[in-house]
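Please read through the structure below; I'll follow up with questions.
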Amino acid sequence: MWTPVALSRDVPPLVVLPVVAGGRELALWRSASGRIAAWADRCPHRGMRLSHGFVRGEALSCIYHGWSYGAAGNCLRIPAHPDLEPPETIRVAVHVAAEAGGLIWVAPSAPEAPPPDPGALQPLRSLTVEAGTAAVLSLAGLAGDTLARGHLAGVEVTVAVQPIGPARCALHVLTGAAGAAERIALSRELDALRRRAEAGEMAA
Amino acid sequence: MTSEAIRNEWYPVALASQLGPEGRDTRLLGEPIRVDWAAQGRPRVRAADGREMATRLRYGHIWACPGTPSRELFDIPEADQPGRRLVDVGVVRVKCSPLRAVENFLDIAHFPFVHTDILGAEPHTEVGKYDVAIREEVDEVWATKVHFYQPQAAKSAAGGITTEYMYRVPAPTVSILYKTCPPRPGEWDVITLFVQPLEENLCEVWPWMALFDDETPMTDLIHFQQTIFLQDRSILENQLPRLLPLDPGMEIPTRADLTSVAYRRWLKRRGYTYGAQLVAA
Amino acid sequence: MAAERFIIRGDLGAATFLPWVRRHMGKLGLTGELGQSGEALVELRVEGPPDLIDALEMGVSLGPIEAWVESIERAPLNSL
Amino acid sequence: MILYDYVLSPDCYKVRLLAALTGAKITLRAVDFHPGAEHRKPEFLKINPAGTIPVMEEDGLVLTDSSAILTYVAAKAGPEWLGDDDARMRARVAQWLAFAQRLSASIGKARTHDMLQKPADIDACRAGGIQCLREIEAALVEQDILGARFLAGDRPTLADIACFPHSMLAPDGGISVDAYPAIRLWTRRIRALPGFVEMPGIHRLHDLKPEPAKA
């Protein structure tokens, strides 16, 4: 089961951030060469959140003691013991991360199908709403669940929905609108939608 | 109700120089307490039901024991040594287990990453062997012969040096650091972390120092230590689980974590579980 | 690589202790075997890089909450 | 230029940061804000009767507002930071300098409440802080659509310096910054500027430094 967690362009190389997917806290990061990864947000050494860490080259390092981990989640380096070659068995729990149509998707283990592809659209923005997924989508008049489609501010949108909790979700918004004025109007409409949803307004 | 092992310890509850006539309403081990002055500069600490606790006024702070003190408040002989400047650094509240605050203070391996260019810097990340013992005669954890390269070891330090440290845990929520003192070879600067457990995952931390440094203005000394401690705060608030695990089954301690392991063993042996997590998680 | 024998002493009768030690060895990528084991003493042979054998000592000296490890005595074995 | 400074104050840090980025020479005078409350004592009130920090003093000029201090430092040491390219940019800088007051009143207060136990209506401070972060996020999205990477234009100005510290320190006051991708990228751009200096709670970007060879 794939969960959308970010727009690809919001996670350029060397960026690491915390995301929630399927109730799990993950550190989402992109290596210097562009590889995306989603790991349990916890350093196996002493439990520090890896999303506070830093990326060098193809490795993610923990901010606390600098332990660094390579593509497969395997420990590469323990700075306090520089001569030690860490064993393959010291690992971060790794989830599956994939990109499709400008979105980053994660899953606990490799699903049978690739993530849904929204098609050729432009990323606009992601925003988190303090309201449940269903309420937000119906208020927006969008149809679908993981990829919801419809019109906002007069332009066509596709929204990848990331449930975060019973009363919180993130919307990752893509659109066919290319003009700056249209895109700005859409961005403002999304802020308005969030205000209405958080005020408890229900779909008519 | 917390156990006697927990209630019979001494805890810092106020900074004497900051405690005005209005007193201080605060918490200790999850229960409200009130700290104020009785007659003649005698500190008084009361539980919600009005019961007075045993108190001490030492090391710039007011100490209280909610139960029956199992022993006298620990001694820091250096506090009375002539020529030292005593620095009240003030309180900082941290959303973490009081035990995690102490454990972090005992750790040197994080210096290059969290206190970059002050207490440590890459590539000087190696933690050499050092000694740790539980000194049975005083029932304290001691780490000695700890050496680490420091770009700026103290406010008075001009350049990088290899600094020697000793660490001491005289009470479950107190840690004392002794570090080589550049202006006075043969003496140790004393830097402490007094931790007041408000809740199991919320604490107030009172750093305090007794230094040989006649030159640095007092405010600069305070700010140096506040800088260091506030660099740690975001670490302490983002470690999982929130409580300190006494079973390291979900962690990978190495020899560099020897002081942490000894501290946790010491807590486990005395049944000190306030702020601790008993099973791996 | 090094090979060592650990003599672990303490209150080790809890059912969780030996599985905990095996799991921790596995996590560190160490090989070895548990020798004689009783409520007060467990013997362990372990092979691997010295820093990781140190790490095993760190972990085991705390162990699961039900057990109390009083001491770990380490002695080198002939390298295998 | 003498800066009456407190290491944990975001408003003082703005000035130290701008000085580092412009090469302005400032002399720091540490004020024992906490625990000593030196800023409320008679000696300090002679300098700033409002009892606030930062304060900047030079040749009889006394500035007690952080935006004014930033403006002064920029005018003297780095005029490009004033953002005077055109009327729109200049107005945007003025707007964000004013906005920074809202950050101090919300995130700043939540932070001193949570860290140093200063009194505050913490729920109101946090709600206000979230609202401010959402406004910055939305503004950065619009700037990006217009091809600009910073708050007032396509290069950093005082607008960014004024709003950057609180945007990063919000977690100190119990306000999450996880939900703002545009703010994350913008703060990374600022931390990557040559001459950038950190403060407690704002770590440097370790990824800018290559992994060192063994000592």
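A, B, C and D are the chain letters, set down in written order, and residue numbers restart from 1 in every chain.
Basically, a contact is a pair of C-beta atoms (placed from the backbone, for glycine too) under 8 Å apart; a residue touches a chain by one contact, two chains touch by 3 or more.
Just so we're clear, the structure is a prediction, and the values are computed from it rather than from any experiment.
For the pairs A-D and A-B, the larger set of C-beta contacts lies at A-B. Between chain C and chain D the centroid-to-centroid distance comes to 52 Å (mean Cα coordinates, whole Å). Put simply, the C-alpha centre of chain A and that of chain D have 28 angstrom between them. Distance between chain A and chain C, defined via averaged C-alpha coordinates, is recorded as 41 Å.
Shown for chain B are the residues in touch with two or more other chains, namely 113-114, 122-123, 125-126, 234, 251-255, 257. Within chain A, residues 61, 63, 81-82, 90 each touch two or more of the remaining chains. Counting partner chains per residue, chain C has residues 27-28, 51 touching two or more of them.
Chain pairs that touch, as defined above: A-B, A-C, A-D, B-C, B-D. Residues of chain C that touch chain B in their complex: 20, 23-24, 27-28, 51, 54-55, 58-59, 61-65, 68-69. The residues of chain B lying in touch with chain D in their complex are 15, 17-18, 88-93, 95, 113-114, 116, 122-126, 204, 217-220, 222-223, 226-231, 233-234, 237. Taken together, the chain B residues at the contact with chain C in this complex read 246-249, 251-255, 257-258, 261, 264-265, 268-269, 278-280.
Across the complex, chain A meets chain C through its residues 81, 83-85, 87-90.
The part of chain D that touches chain A in the complex is made up of residues 134, 137-138, 141-142, 145-146, 178-179, 181-182, 184-185, 188, 203, 205-207, 210-211, 214-215.
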